[in-house]
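When the chains are written out, they are named A, B, C and D in that same order, and each has its own residue count from 1.
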């Protein structure tokens, strides 16, 4: 299982444009529901072969629950290739139906805003946010399906607790979970 | 997700011989701990390719919890081939380390005792029993890893509740989960 | 096995730009060697999950032979997404080392020139060309590894025969090999 | 590709009992046809997960050729578990339709007769025999499908040449192909 070490409020998403969602989403609007965010790049092999199919499978399995599944396109390399129009074609070809947000570009070494706010180490990254808006897991690389199912069930079963209170939320220490199948941000 | 329709006490195991366990196990002795039972046959292709590897993976992922993983060799066909000595060789070759019980043979159409008590429909069958000894899931065929992870997490998080009380336990309706990758007991 | 129905000279490649090759390639220059061409699109799921890994595996297995492996980027949809700069990023991320040519765009319904010359039906398409420059196979969709190995061995073993002569060359009738895992050109 | 180092006549099969064949087979009777022999044990994980499915796939792909596919049950361990009756159940459950011979037991450290005659190193082992009865390949462990397809095609294309003559036959040096996915005979 994954080690945990405390909980804290999940930073709000900074998204420039949404696909598969007319009005767009925000964590604030989703408060009260558990959220699974799959941060990916369309040209990241580990995302395409493992992370995205896993996210699609999880969405189908939990479709009758109030779990919200979100994709986040966190482009930190090859910006000229992974454009919004290219992402649109990618989502069409891979038949991805869940809402996908374009993480807001910044001047910060090419790392987009939400990716930086969560200190993500690369793609794919899986974020799990509980009903209270606390970040419960921040996992870089490939995760076993059994582990993901277990983490989602924890979210679904947990009550709403005010952020910052001494609740049952837990945060996975992502440093414990390196996985070379992902695309890592190069060290500066 | 899997539909549920009530809980009831899990019948005790009827086991003639144990492998990978000196003293043997019983549900009574395990009361207070959640239990995952994988009922299989060593010559059932769906068990060998999917069920047993999945059980081994679940055992490794949850090894630091108090989940007890048990294998149950429920031979209902080819009895002359799937002998105890053959099972011993099988467990050695496939490096199966968790306790495996030989389901007690009966004169009842070749269906062994525990298999009959649980009204299993074939192999592989996955049983989940909660801390209170209630049967929470009785699933025939292949289960998605994400679903299994979710079900185990439910067991781990659930408190001990007396069987028969109006608790949180749930029973999966196995009739909803047919899967032709398994070996079914032929209709009489 | 694949049905065959005669041989004919393979049309020359119409390529605007080469990746992983300084001087570029042509079938004329390759005469005398067998050639495997994998026609793909970087956003075609069947190409990414099956066709490209298969081509990389074939290249590694036959690297000590004189087989020439070539990729051909035959963009017939989402032209604005699958640009040359995007292809460059894709080849980098997927670590594709064999020469890849950009099939020459045309005004013909978006179908590029080489794709049209070979009457390809979509991507992935596998072309096999013998030492004499005859087209031996033109296969749309996913091909079994065993079949590809067999076809390549036929090419390697075959002598140079003048195109049009009554030689041993064979052409696979691609109409026999539909496969919905590929991206088909829509009917006009 | 696989290295080769000369050809020699394939030793005759020593088989006690045949499954899926009324009259039984011999290499002598098969002279003139290429032969693929898959030597396996029913409790060898690498055989069950890889070797046998590969052999079934090869048989289906080349069914319109004169290739003869044969299984050989070469039990060198757990003799008390892998009995003829157990093999019969195994072939039934895994829907294996090609002829399977029981390699003749010997007093020689439990290594059966044909296995010893071919100096096999364990299971799975793939043998390829050409139309002239020469042993062309003797490969221990898992083989890539592309390689197997290529080797079979070589057999199919090769003419009958008298054994011992300076023909085109080749023998793969099995020492070059170790693979830990197989079950090796322990060193004496």
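Convention: contacts are C-beta pairs under 8 Å (C-beta built on N, C-alpha and C of every residue); 3 or more make two chains touch, one makes a residue touch a chain.
Keep in mind that what you see is a predicted model, and the values were worked out from it rather than measured.
One of A-B, C-D or B-D repeats the interface of A-C: more than half of the contact pairs, counted by residue number, are shared by B-D. The greatest centre-to-centre distance from chain B, using averaged C-alpha positions, is reached by C. Separating the CA-averaged centres of chain B and chain D is a span of 37 Å.
One inter-chain figure worth recording: chain A and chain D are separated by 49 Å, centre to centre, where each centre is the mean of the chain's CA atoms. Taken pairwise by the contact criterion, the protein chains form one closed cycle in which every chain touches exactly two others.
Residue ranges on chain C touching chain D, taken from their complex, read 1, 54, 57-58, 61-62, 64-65, 144-154, 157.
Residues of chain B touching chain D in their complex: 43-45, 48-49, 77-78, 80-83, 85-86, 88-90, 92-94, 183.
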